[in-house]
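Going in written order, the chains are labelled A, B and C, and every chain counts its residues from 1.
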Amino acid sequence: MNEIFGIPLPALLGQLMLGLVNGSFYALLSLGLAVIFGMLHIINFAHGALYMMGAMFSWLAMVYLGIGYWRSLLLVPLFVGAIGIVIERFLLQWIYKLDPLYGLLLTFGVALIIGGGFRYVFGSSGQPYSIPPELGGAVDLGFMFLPKYRMWVIVASLTICFATWFMIEKTRLGAYLRAGTENPGLTQAFGINVPVMVMLTYAFGTALAAFAGVLAAPTTQVSPLMSSNMIITVFAVVVIGGMGSIMGSIITGLGLGVIEGLTKVFYAQASSTVVFIVMVIVLMVRPAGLFGKEK
Amino acid sequence: MTDKTVATARPEAEPILETHGLVKEFRGFVAVDGVDLKIRRGHIHALIGPNGAGKTTCFNLLTKFLQPTRGTIRFKGRDITGEAPQRIARTGMVRSFQISAVFPHMTVLENVKVALQRKLGTTFHFWESGASLRRLDEQAMALLASVGLERYADMVTVEMPYGRKRALEIATTLALEPELMLLDEPTQGMGHEDVELVMQLIKKVSVNRTILMVEHNMKVVSGICDAITVLARGAILAEGDYDAVSSNPLVIEAYMGSEAAQLAGAH
Amino acid sequence: MNARKSSIAYVIGFALLLAAPAAIYPVLIMKVLCFALFACAFNLLLGYTGLLSFGHAMFLGGSAYLTGHALTAWELPTLAGLALGTLGGAVLGALVGMLAIRRQGIYFAMVTLALAQLMYFVLLQSSFSGGENGLQGVPRGSLFGLDLANDYILYYLIVVLFSLTFWLIQRTIQSPFGQTLKAIRENEPRAISLGYDVDRYKLLAFVLSAGLAGLAGSMKTVLFGFATLTDAHWNTSGEVVLMTLLGGMGTVLGPIAGATVIVSLHSELADKVGSLVTVITGFLFVFCVLVFRRGIVGEGIALYHRMIGEKYR
């Protein structure tokens, strides 16, 4: 069988694969949002900008410093995580006592500063970033070619996602984190430095975004505009999944990527809106979100 | 199982509120565990129990701020288990909250008028002048007078001391003329004199109505309550009048330490 | 300030508006008025209901297109086109509101933002809206035989519409409905326990706000003769938040002050610094959130109270 509903199988699988790639980015980003929200009670509007920064920095590192993909994959998230620390120390820490809406507005401002700044310096045109030679080419499955880089993106993202899930749900460090979320005063009394934990959580979330950015660089045109709509889609993902569960974020992100990919095959016009339409449906039938725990 | 002592103090009035097997679970944690509550019309009924016993959760279930996991609630003979919280208020059961439930940046008078104005049927009229609410002033002042707050009518509520805010809450609740009033720790955090005042106030407003209150102060409980239900770890431990409950060994054990002493002392 | 003093102030303000075209280019004032109206409508929601919509551009943009289409393709008279835009905004507001109000606080903001993005893509892709180019060449039409192509005549129409709407918003804030909104904002659980069906009040506030934002968008189309995707973009949603925040949310005049500052800033800077405008906007956000949460008017009121020696929360 080579066709499904009149669509050639390789094309379908190709889009499925692309959907999984996008879904991996959604999963990484919404996971970061959920981790940050859990600890800081702030929705990090700057997440998309940090993702873009990840991609831009790896391109800059390549062009100006000769730092290649593999080293960027490690260094850029560390660097952006450090920027996260600066953001947290200089800005976010002053508003923890306020209504969480201020957090959204503040990080929106940060997103504008980063986005506008990069556009001012580097313009809006896209830059190519080449796939590392080890991951070039494709695997021939007989009926289709599987690009190696796409497989790598999916594997790497899922590994990081599950490692994060494991760390938060199954280790002592994660237990401290969860305790800090639920009862900061008590956790502090046990000798854990909550402010530092909060700072590192934000840094970790931003590093995740940057990691996604580095992974994305070879799959797209690297430009300051690459994130401008991303964050809104990720917000929709978060609304659909609900931020109560780490695993929920991962599954929702991947699932929506796939749905988006399949929509491209069957009804391309709707591919940019399908995530929002899913959101509308979820709001109608399950207002708290698929994995939500409100109320 | 629970040891139930039977209330004998008064001739039995019909129950205004009844629950059957009320259960609330939070992510596997059972906060309210099979509670059968029976509140008789005209009583001041106290719900007591150690911290975390599930008293506030019970209130939230009764007033439908939380949906019970299992069980039924009947109010005035009607099943209200599936009602929305705002509907509950309109059928005559009005609650207050453990932490102060005022509208802080409105004046004292406006606070009471918020409760009154819904009945005018103009609360959706965005085109109508605010002056149209003045016709509620007289009624609102009378309510304030009944709790001794008429002199503070124009004060912004945040600026009032704690005890008066609680009195204001009672006035606001009274504005709805509820048949059943639920008060969650109305004397918590008050000084000695304020406690006395609020206690007398509750006694006064209990005429022709039923009151269910959570209360830690045993002086208040022994002073004005007709019936007591003791909750521990979500389940009913004992029921009855003050004498019966306070001499119940299970209750004394559950309270242990200071509160047991308090119980015995007030006896 | 008592009611007499403030109504005198309003009369003076109105008189100044009537005389302003003598000194200032009327198109600029009209642009400010459109955005001021937009921000006032938004403030009704954020400042007086406590709901942060991060997608208000969808009402501005949606109605801008609707009115543009009505005036061009259906050749409706100008006033009817404006009315239709207002109505369209309100209807869209009802739909969006019913969905968004199912989620609270921060989620509400995200839902509105996402729905606005959906609207954006719909406008981008549908056939009537002219895609990337937007709707061009919308005629201003005429009113009672007066040709609105004349900037001065249009100016007085816009001033009248703005003043009426401003009055309506004022009235709403002080009405029994406004008082109920205030109670809900101050203590929602208590309002519920007093028998208020809070979601319906929030929904009505949302519909009113969306309808008036729609009117602002329609006026903008008539003024410039085109509707573009910028009107519906999330940038514009962010801008109206900033106008309200900078001017002072929950104050009557704040949104007008904020809109004036931001619109002037943009018309001063847009050509000179390019995307630095975005950076400046970002810094304004950060500044407002960290140290200027009362906004221009809020700080002004606080200063006034301090000068006359009164306590102000």
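What we mean here is this: a residue touches a chain if its C-beta (ideal position, glycine included) is under 8 Å from a C-beta of that chain, and two chains touch if they have at least 3 such contacts.
Bear in mind that the values here come from a model prediction, so they are computed numbers and not experimental data.
S.K.: By that same contact rule, can you tell me which chains touch chain A and chain B alike?
M.R.: Joint contacts, listed by label: C.
S.K.: What chain is the most remote from chain C, judged by the mean position of CA atoms in each chain?
M.R.: Relative to chain C, the chain whose C-alpha centre sits farthest away is B.
S.K.: Averaging only over C-alpha atoms, locate the centres of chain A and chain B and give their separation in whole Å.
M.R.: Using C-alpha averages as centres, the distance is 47 Å.
S.K.: From the mean C-alpha coordinate of chain A to that of chain C, what's the distance rounded to whole Å?
M.R.: The computed centroid separation for chain A versus chain C comes out at 33 Å.
S.K.: Could you tell me the distance, in whole angstrom, between the mean C-alpha positions of chain B and chain C?
M.R.: 43
S.K.: Could you say which residues in chain B touch two or more other chains, in rising order?
M.R.: Where chain B is concerned, no single residue meets two or more other chains.
S.K.: Spell out the part of chain C that touches chain B in their complex, as residue ranges.
M.R.: Listed in rising order, the residues of chain C that touch chain B are 168, 171-172, 174-180, 182-183, 186-187, 189-198, 200-201, 204, 208, 313.
S.K.: Would you mind writing out the residues of chain C in touch with chain A in their complex?
M.R.: 52, 54, 99-100, 102-107, 109-111, 113-115, 117-118, 121-122, 125, 234, 238, 241, 245, 274-286, 288-290, 293
S.K.: Can you list the residues on chain B that touch chain C in the complex?
M.R.: 63, 65, 84-87, 89-90, 94-97, 101-106, 110, 113-115, 117-118, 120, 122-130, 132-133, 158, 172, 176
S.K.: Touching residues of chain A toward chain C in the complex: what are they?
M.R.: Going by the criterion above, the answer is residues 43, 91, 94-95, 98, 100-102, 104-106, 108-117, 119-120, 229, 232-233, 235-236, 238-239, 269, 272-273, 276-277, 279-280, 283-284, 287-288, 294.
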